[in-house]
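The two complexes that follow have chain A in common; it is paired with chain B in the first and with chain C in the second.
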Partner chain A sequence: MTLDRAVTWVLRAWAGVVFTFVFIPIIFSLVFSFNSQRFPTIPLGEFSTQWYQTILADPDVWQAALTSIIVAVCTSVLATFLGFCTAYSDYRYNFRFKGAYLALILLPPTIPLIIMALAMLAWFSRIGASGEVWSIIAAHTVLTAPFAMAIIRLRLNQMDENLEAAAWNLGASEWATMRHVVLPFCKPAIISAACLCAAVSFDEFAIAWFVSGLNKTVPVVILEIVTGNIDPQVNAIGTFVFLTSMTLVVAAQLLFLARTARGTKQGAGT
Partner chain B sequence: MNPPEKKSLDLYAMTWRLPVIVWQTIFFVGPLLFMVAMSFFVVKNYRMVEAFEFTNWEKMLGRGYFWDSYLLTLGLASLSTVVAMLIAFPAAYALAFKVSDSARRWAIFLLIIPFFTSYLVRTFSWYVILAESGVINAILGYVGLGPYTMLNTKFGTIVGYMTLTLPLVVILQTFALANIDTRLVEAAHNLGCKPFATVWRVVIPLAKTGLIIAALFCFILSFGDFVAPYYLGGSKPPTLPILIIDTTKSGQQWPRAAVVAIMMMVTLFAVAFAALTAAYHKRGRS
Partner chain C sequence: MSEPLLLFDNVVKRFGDFVAVKRMNLEIGKGEFIAIMGPSGCGKTTTLRMLAGLESPSEGEIRLDGRVMNNVKPHERDTPMVWQSLALFPFLNARENVEFGLKMRGLDAATRHQKALTWLDRLGMSEFAERDISTLSGGQKQRVALARSLVTEPQILLLDEPLSALDAHLVIRMQSVLTNLQRELGITFVYVTHSQSEAFAMADRVVIMSNGEVAQVGQPKDIYRAPANRFVAEFVGRNNIISGKVKSASKGKAVIDAPSGSYTVTADAMPKPGAEATFVISADLVRVTGSKPKAENAVAARLISEEFIGSVVTLFLESGDGTEFKVQVQERELATLDLKSAELLWLSWPAASAHLLPGG
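After this line comes the complex of A and B, so read on.
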């Protein structure tokens, strides 16, 4: 038994080591962003906000932030719409080639980003849209729609199959049922999907780098700074990106978990 | 159960079904097919001309440096997968069997956080930590060790790959392990199977599908990543993703980059097919 306990503790300690490894770069990036040294090491330099001042005074960073926000918002709206359409089609209908239909939306995340980036770059310059902001949006929509589809599909799983039928029997048209029954039921999942898609788009750099041209997004700016030299500005920008993404993710989690729990109870009541 | 009205052409159904087909055809299937076509184009005077020639394929596949890159990338991604699976397994085992349900939920939530922090910033952080005068060498210096060169080595590349893949591998392994029927594990235990033998002969076979899928994801991510080998591994020789970037960005040789990309896709399909066949293969005897 003592051996058993020892093994348990060794395993837990190992898990602790793995978590430490995962969080070291995140924590150090935060620490370095407030550190005066250009090349941070131990012992740390003085507390300083100079890197934040530098990036806040840089018009390129502001421009990139604006582009990133536009891309993230448009992507999340489009991807969530496409995700909803597919999730609903999958939930409600059976049709020929459904497997291929689902593969069409679910496959993109399994293809390496660098390959998607090259394919998108070539395609957009072929159709005369290279360097446009909307081409980043289109590419990011392809990339994030599967996540939206998965989240909304999970929510639809919880919907009683008879709910729609009940609305039809009471005289509602399919469109009215969609508007007054299905959409309200899916609302938490839709909002949470939109948040996640925005967060993924906000962090994506490979496709954005290839496709963006002069309309750089924040991750592309980070990539260019990192490629140039050691510059702790990156940590400061990283902190802002982290806060934005985490806000979106936590919002998504809270909405999804809280409403899902409540929705299930309501569903059981009807 | 039936919808109010049934028509042969169902406008309502098509409203939901068509948008994705149209969108993904234009912006997903289109680019990929065009990339395949592009691999047969030729570049003349820095301009791409539509053609159907095998020049790019001959030029790329006929050169030693492509195959060096190919084998290097294959080797690094395989190494990354083995390392990630081995590091993650004890941690996932602990999360699946040795902690409370709420601790497991928290752990999974914590492991999701890295997906929403910039991978570039995390890599940059490692760059500074691993550098010759960085944090690790400074700490080692206090006890009279080092300095060690960790950047621009395979070790650096693997650290980068782990930064990218480890959280996902731990999550997938934890799900795989947590879903197995623990009664079978207890049965093995009661029948006198030793703990390590139980893990090797009962737990791992039961969780096989999930574990292989975790390894497959790790391989795909490492194989396609350019950040770790470029910034932490020194990119000499380049891996395939770096080769794509170099060929596209500086060389303006998009068709040749397309050849590299297609070779990567073919390799990934083969690996994925083999992995999924193994994952869902049931042994005849038990």
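After this line comes the complex of A and C, so read on.
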């Protein structure tokens, strides 16, 4: 028993160390964003919202935020749609070269981002589409669709294999079954996937930097600010970006976990 | 039997090289409760899936009310099914589950609502109408699944081992719910099960399947007392199956020489002397006595073990040559027998109780 407890405490401490390591920089960024001093030093200066005022007054930042939001929303819709289609085709059908099909679909996240970004840039300039907002959307969709596919596929795994047949049996055509059974069943996973894709797109820098041209997204603007000089504006923007992404990711997790526990396969118990 | 509602005409179903159903011919009447029973892999579920349109026959025809159903899509037929896994929609509540079939038929919300509630009420579930499926017990889910299938008022209901996941005491309750419903509605029930007690307790007729073939069709009592072949005799259980050679046959009786002794059985078709013959004697038709009785058939056997299942006890005995006998006796009857001290017990039965298997 004492050994068990010791192990539990060691594990808890380890988890604490990991979380500290991950979150300390973010917390520092948050703290310094309210610091009146230009340089991040301790002791801190006075509490101040001047850096927030600066970024809110900067039209470049506003423009970038708008671009980022458009890209994130469009990416999340497109990637979730594609992810759902591939997940469902994998769940429902067996066909030749299915292994190759799935490998191709899941490939993008395994390619180093910088290579993907360069390839995207080369391709887009060839077809005369570099620097457009929609080219960032297309690139981000390629990057995030596999995540959507994985999340929705997991949910489909939990579906009673007879659920669709039960709907047909009750007079629902295949389309009606898709609309009234498969989509409602996958709804939590679909929303969760959409949140996650939006978060990844909102944060993504490498591809956006290469592809965006004049339509800069927020991460690109951040890099431009820090390359010039040390500017606590970055902390303020960073805090915004962090909160947006975290909200999306936490929402995705909550939705996914809440529905995994309840109403999956029909239990056999009484 | 009334005019057949459902007809299997030389139906064959193949999956690649595997033949799941081999040339099935079967008529099912209007308002009949039919049970299809057999060990797993015997083709009973495939038969049911063909009725629902989830599989289509490789050969032959299935006709429902005169209409050939082979290529009718599942959603275009009215053959609702109660699934083994129940397959209730987890994202809908009990009432919405029941309404599903009506919604697909384009009924308006008010009518759907009212019909669903009527059916839930009929199955004693009205207070659970707005409950989430995940909060219902196994028996309650079962009732929702039944209501969901019956709400469209079909001519026929398919049931795929619907009670296999329930506790024993609930199974008995649901059996009476099902038989009562079937009688009140007067619709045809096709009930697939591997459980003999469920099939025999509920069905008007039982179809026994083995390796994709129909081994016997008949009323439960006939199948129990007069199995058509060795497979059925063994599957039905609690039978003593004795094989031997026919010694003589005359006046409706045949004498069969088996390793454990010579037995007289009544026979409709006279077997030829010298032919191989097998007969069955149900364990519950055998008498046990301490001394040799005056009876047409008697054999001495040693008690090996006993299995106590309440009011009935099954005795396992062995005769001199090693043949095993099963005997079922009432527990209170057993008390009058002095089992412990008796070296040998005598088993006896009248010739009329034994059933000669057709075809040896």
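In this section, the second predicted complex is superposed on the first by the 245 of 270 C-alpha atoms of A that agree within 3 Å, B and C clash if a C-alpha of one lies under 4 Å from a C-alpha of the other, contacts with A are read in each partner's own complex, and residues count from 1 in each chain.
By definition in this document, a residue touches a chain if its C-beta (ideal position, glycine included) is under 8 Å from a C-beta of that chain, and two chains touch if they have at least 3 such contacts.
The model shown is predicted, which means the values in this text are computed figures rather than measured ones.
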Which of the two partners, first being chain B and second being chain C, lies in contact with A:73: first, second, both, or neither? neither
Partner chain in contact with A:86 - chain B first, chain C second, else both or neither: first
After lining up the shared chain so the two structures overlap, which partner does A:106 touch, if you call chain B first and chain C second: first, second, both or neither? neither
Once the structures are superposed on A, label A:168 by its partner contacts, choosing first (chain B), second (chain C), both or neither. both
If we overlay the two complexes on their shared chain A, which of chain B and chain C does A:114 touch? Say first, second, both or neither. first
In the overlay, answer first, second, both or neither for which of chain B and chain C A:251 touches. neither
Go through the superposed model and pick first if A:138 touches only chain B, second if only chain C, both, or neither. first
Who wins on chain A residues touched, chain B or chain C? B
Return first, second, both or neither, reflecting whether A:22 touches chain B, chain C, both chains, or no partner chain. first
Once the complexes are superposed, what residues of chain A are shared between the chain B interface and the chain C interface? 162, 165, 168, 173-174
Can you tell me which positions in chain C touch chain A when the two form their complex? 52-54, 73-75, 78-81, 83, 85-92, 100-101, 103-105, 132-134, 137-139, 141, 148-149, 152, 165-167, 170
Would you mind writing out the residues of chain A in touch with chain C in their complex? 160-163, 165-174, 176, 180-181, 184-185, 187, 262-270
Listed in rising order, the residues of chain A that touch chain B in the complex are 4, 7-8, 10-12, 14-15, 17-19, 21-26, 28-29, 32, 39-43, 81-82, 85-86, 88-89, 92-93, 95, 101, 104-105, 107-108, 110-116, 118-124, 126, 138-139, 141-142, 145, 162, 165, 168, 173-175, 199, 203, 205-206, 210, 219, 222-223, 226, 230, 234-235, 237-238, 241-242, 245-246, 248-249, 253
What residues of chain B sit close enough to touch chain A in their complex? 1-4, 12-13, 15-17, 19-21, 23-32, 34-35, 38, 87-88, 90-91, 93-95, 98-99, 107, 109-114, 116-129, 131, 133-135, 138-139, 162-163, 166-167, 170, 195, 220, 223-226, 231, 241, 244-245, 248, 254, 257-258, 261, 264-265, 268, 272
